[in-house]
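Next up, some structures in structure tokens.
Two complexes follow with subunit A in common, the first pairing it with subunit B and the second with subunit C.
And now, the complex of A and B:
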């Protein structure tokens, strides 16, 4: 791993950190003003920054007020909308108040609650990232692939707007510029495995970029690399997976799927375009009810695909009709367990119980080297806005909606990846087979 | 060489009793290369792929054959192109193909040695039994039954017989009835051997120490494609907690992932179909598959007869055994767990 912070150019880095501090203070001031926060710290430094800004990051800073004034009201609105339903425990887990944690979150507090990012823009955050952070925390962009593509696209803008400070090199400094952007996205919503893998690859590209390259060329090369990554690891991979998975759907089959995976949706639409006659059972569950979106896109093709829509409790009576189960994944771990939308494990287990083959559709860039034993070690809670009928604030009831769960490898028949159909137990040998040391 | 010719040479090669389908396919492809006048690697590969396609199209049960073709084409694709001219490279490839087939014949001895260590001598305990299902690896329509037996299982048993006391149950393996052939070979070698009915496997399983199974192909899930009946034996062995060992040379490893029995390439709509008269009249639940005596009359008065050919036509040649039913796969690359097989296959072909 390259050291992101250059040790040598000390004078420059000091002046830079000063500039950063100023910008930081300025940014904070803007948040405070926009969100009408009560604190009034660092007013002075904020004014200083206001008077003497635009030293190193001209366009970035200039753009910001406009875009933020666009964004902040929505964040404020969302937070005020959430306010009545926000529990004491939720606030406590946020770390925003010292109120007593309520009972439900005592076990699950490590999942963390999504924070409203408008309140805590720290450092020099690019407007594209601020916007993306809001879209993440509002679940406007949701799903591993969409988030990864959106992040990489936003990073392309950030990289293009980036200017290497004097006496510094892009390959050494850009990452220090990107780190707070990444941190900002992570505070908006925990980082997905896909984003982690993509960012790791991006870091590798940045540290490997040629020092002698003119800055614009280096930036263009990086953006090209990002485009290639999106194309090779996501878009083309999806096409290959579609081809492979469609072969397993036969005429007269009943395909069961859970919630909505962009990849499963593409597979089903492709199978339909190939004139396969099949019907789909969409199983869905609260709080996100993503299956409705899938149902809409499946029934709006011509002729519409025959669909059955049911909620998770109806699954046992429907699984017997299914010939094949198609599932999407958030990530796939080294021990073969699948981290996916909460409820997936139940579908997979029930399918195994009824000897229905379960095909998991997943690109190789979703593989993670970590081991996942259950859904409790790592998870994420759905924000309160997805549970409108939350109990009254005086009740002892706590609403808890984990977004993901972990499906054991034994419940998955096959994983469809762009390198072929493989059993989930063999995924750890894929990177090696592809000649990569990382995923 | 056209499609018909390559199939002819494939069939001719199969007459050699040592050659199993994947090896015969590899040799047929090398023969095609000898006659090919392709001028570039691309042309050659296109020809080879076409030939492999033609072979599998003409064969009734192309699974084993496909494994061989796939291996050979992969080998040619990855072969370093450092020869001075293409014709030299081609000669080299042909030589490599032939040498591989020669070397592959020694794999069975290697597997026999590996499996040998897992066969316990029953010097102390009461008699040990092995339970074997075997099948021919040659397509049905090639009527050369005398050559057909699971060579690797047989060789393993013969090796084991020299140094340990074993006795063997062999299933009849209907509809081809090849189990009888194995029983004869084993008896001739002095191995105590009994033929059991396919339907008596569950009865016999408690007397058995482990199950030894040949294979047509080992697929990417780590599962097994083998003569029909293998799957039910595996299920019974699992239920009785008996180890189920599969023997497979590495050229039978096949990059295919069947999700279920009906996902096999050998499955066709004719298998397990209901005869027209039956489906029109009888309810599916009370189908006429169990043989009815010829005295039973149909609606129009003609006697209903169900012949062996009818039964064979409606039944599959091979079935698929899930990886979780298999204890170990012995192959020339080592004793592998089913997961190990799939990792080996991913490593070989995924790149």
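And now, the complex of A and C:
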């Protein structure tokens, strides 16, 4: 399966940004859903943008080609420049699907596959959502908190632009308007637990909104609710968690962290602002190498926080120096397991082995009632653009980049939430203790 | 000895190897073992000695220089010890003293390796002629013993040459159909082991790419070119995938006397993750990696550090002067994390 060479990779990203702009422009035009034709065209452009990255990720996709290859001729006709790459991608994908399917292929088949950006815009999608979908699939917006805030902000725009059709009420109809938007975001990248929780809360607010309220007032009230949710569950919660976690960092401590959690970053910067003298070990790993971003922000404060940087295999040599491990999370499940960036589980496991306390920093809105037994059942694959140097896939070789893993509750010492420090297994009792029926 | 032209020549090849070891131009247990053996053969063939002690001292001093050059390449010391052992063995058989090899112990096995089966070749005439410290003809001792010693060194050579074949001989007993094997880094031993098993079995290998050397990528290419269904994953997903892995197969850098081992960094993570899922960990290693040493540094196996630019390259200019970057070569894996050693 061809992986873009460095030059073609840059060309690809250029064409993607171009396609992105194109898609946005078109989406804006057709906002009044006047032109069905324009929409079709946009689908095609989306497909072209998609197919150029198809060739990088195609190998992991097994069921894709049939439906798509039917459409490819039309796409090729619409822009002859993109045609060669399109065909190349299609051929490669077909070649793969013909190849022998090993058991390995089958056991990985349920992983969330990286989506082609702008791929298939179905129905009436708000331009803000189209833009967000592209940002998600391009990993421009990445991280549970950032994605949740971006989604809610986009939904505010959608709600403000929404007009209740005649013979309908807002509380009944708005949700049917939002559903395709949500579906579009999910096709861009699998939904995060945070987004799921926030959307559930939003649905509750919508269905509960007063029928007699004037439409604009109802929309304003909903937007206010969204703002409140972001403020209470994320922003203020983060501040409380910072306060709690900072107390655990003492002068002279060595704090070890993995990749980049926005919350851990804030905690470390807060501790630094409180004049605590500590040093940080940042452990990082492919595919995303997010630790470098953390390193930039930790060293750009004055005076810079002393940092050590190493890749995951070097962890055993460094864990002995650490006094505390701070980790972030994508979501926290009912059995206490933590779904987080791939590699977190190994950091927690090794820290436990060396009796280093592991503090997981996580807002309560990241809780999920589902149970997660291992990181294999549910996972997502990073797009191939994050591994440009990896060897090309062929019939025997597959390059997989899982994004998440699941840490068992036994490896976590405590979870720092805005309601205090709790053991990971008792998260399911928190909503109850707070008198909420939902998370 | 320095004035002796022959020993000066010896000195030169020894120095050459020393500098290559020190500059890390020569890495890998088997490569260093082979090079050491070549140097020792040269040294023995050119050395002038009139009794066994002189010979042993020469070999010892050469060995010490080589070991000091790169103390983490344990196979250098192992090879020197093995050659010394064979020299003594030959000397004893030549001296009509039946070598006291009747008792076998694990310690002896670890120290000396497999007992040589052809150890009792020397003919009766050489026995008669063997005289130490003959004042009339000081070279007679060397003249008689050298051919036997060369043969002994050749045996060690042969063992090194065939090490991969011998290890992979019973690969099919360890890998079964439809298994999922996890391995990491680039190890020639593991590579040949898996390829040998692929002749008999249909199985899947997951290779962790082992940053920052990315030896796993090389390994994945090599395995997939042999027709093995291969998955290349980042190191971070070892734990996530471990629940589906049937066996972890690792290569070793050196196996220590307590049963622990030095291996490519990342091995400890994989072995610990395997332990938490109760997945067996199999180590493939040639006997020349068995080392009669203990890891004095215990957890801190990585006293050998690599080039930090592989971890954080100079593209990240503004970070480079503010951040410590750690890139260890090896992990120390404790014996309780390992299940099986497969040797030749």
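Here is the rule we go by: the second predicted complex is superposed on the first by the 329 of 439 C-alpha atoms of A that agree within 3 Å, B and C clash if a C-alpha of one lies under 4 Å from a C-alpha of the other, contacts with A are read in each partner's own complex, and residues count from 1 in each chain.
Keep this in mind: a residue touches a chain if its C-beta (ideal position, glycine included) is under 8 Å from a C-beta of that chain, and two chains touch if they have at least 3 such contacts.
A quick note: this is a predicted structure, and the numbers were derived from the prediction, not measured.
**Q** With the two complexes overlaid on their shared chain, look at subunit A and say whether subunit B and subunit C clash or fit.
**A** They fit side by side.
**Q** By residue count, which of the two partners contacts subunit A more extensively, subunit B or subunit C?
**A** Comparing touch counts on subunit A for subunit B and subunit C gives C.
**Q** Go through the superposed model and pick first if A:429 touches only subunit B, second if only subunit C, both, or neither.
**A** In the superposed model, A:429 contacts subunit B only, not subunit C.
**Q** In the overlaid three-chain picture, which partner chain does A:421 touch, first (subunit B) or second (subunit C), both, or neither?
**A** Touch partner of A:421: subunit B, not subunit C.
**Q** Applying the touch criterion given at the start, work out whether A:138 contacts subunit B, subunit C, both or neither, answering first, second, both or neither.
**A** The answer is neither, since A:138 touches no partner chain.
**Q** Just checking: does A:406 make contact with subunit B only, subunit C only, both, or neither of them? Give me first, second, both or neither.
**A** second
**Q** When the two structures are overlaid on chain A, which partner does A:359 contact: first (subunit B), second (subunit C), both, or neither?
**A** A:359 contacts subunit B only, not subunit C.
**Q** On the A-aligned overlay, A:242 touches which partner chain: subunit B = first, subunit C = second, or both, or neither?
**A** After superposing on A, A:242 lies clear of both subunit B and subunit C.
**Q** For A:380, decide between first (touching subunit B), second (touching subunit C), both and neither.
**A** neither
**Q** Taking the superposition as given, tell me the minimum C-alpha spacing from subunit B to subunit C, whole angstrom.
**A** Closest C-alpha pair between subunit B and subunit C: 16 Å.
**Q** Which subunit A residues are contacted by subunit C in one complex and by subunit B in the other?
**A** No residue of subunit A touches both subunit B and subunit C.
**Q** For a test of understanding, state which residues of subunit B touch subunit A in their complex under the given definition.
**A** Subunit B reaches subunit A through residues 220-222, 255, 257, 259-260, 263, 323-324, 339, 342-343, 346-347, 349-351.
**Q** Would you pull the subunit C residues touching subunit A in the complex into a rising list?
**A** 178, 180, 202, 204, 206, 209-212, 214, 217, 220-221, 223-225, 227-241, 243-244, 264-266, 268-269, 272-273, 276, 299-302, 311-312, 316, 318-319, 322-328, 331-332
**Q** So in the complex, which bits of subunit A are touching subunit B?
**A** 248, 324, 355, 357, 359, 410, 413-414, 419-423, 425-426, 429-430, 432-435
**Q** Of all residues in subunit A, which touch subunit C in the complex?
**A** For this pair, the touching residues of subunit A are 102-105, 107-108, 285-287, 292, 295-296, 299, 304, 306-318, 320, 341-343, 345-346, 349-350, 353-354, 374-376, 379, 387, 389-391, 394, 396-402, 404-406, 408.
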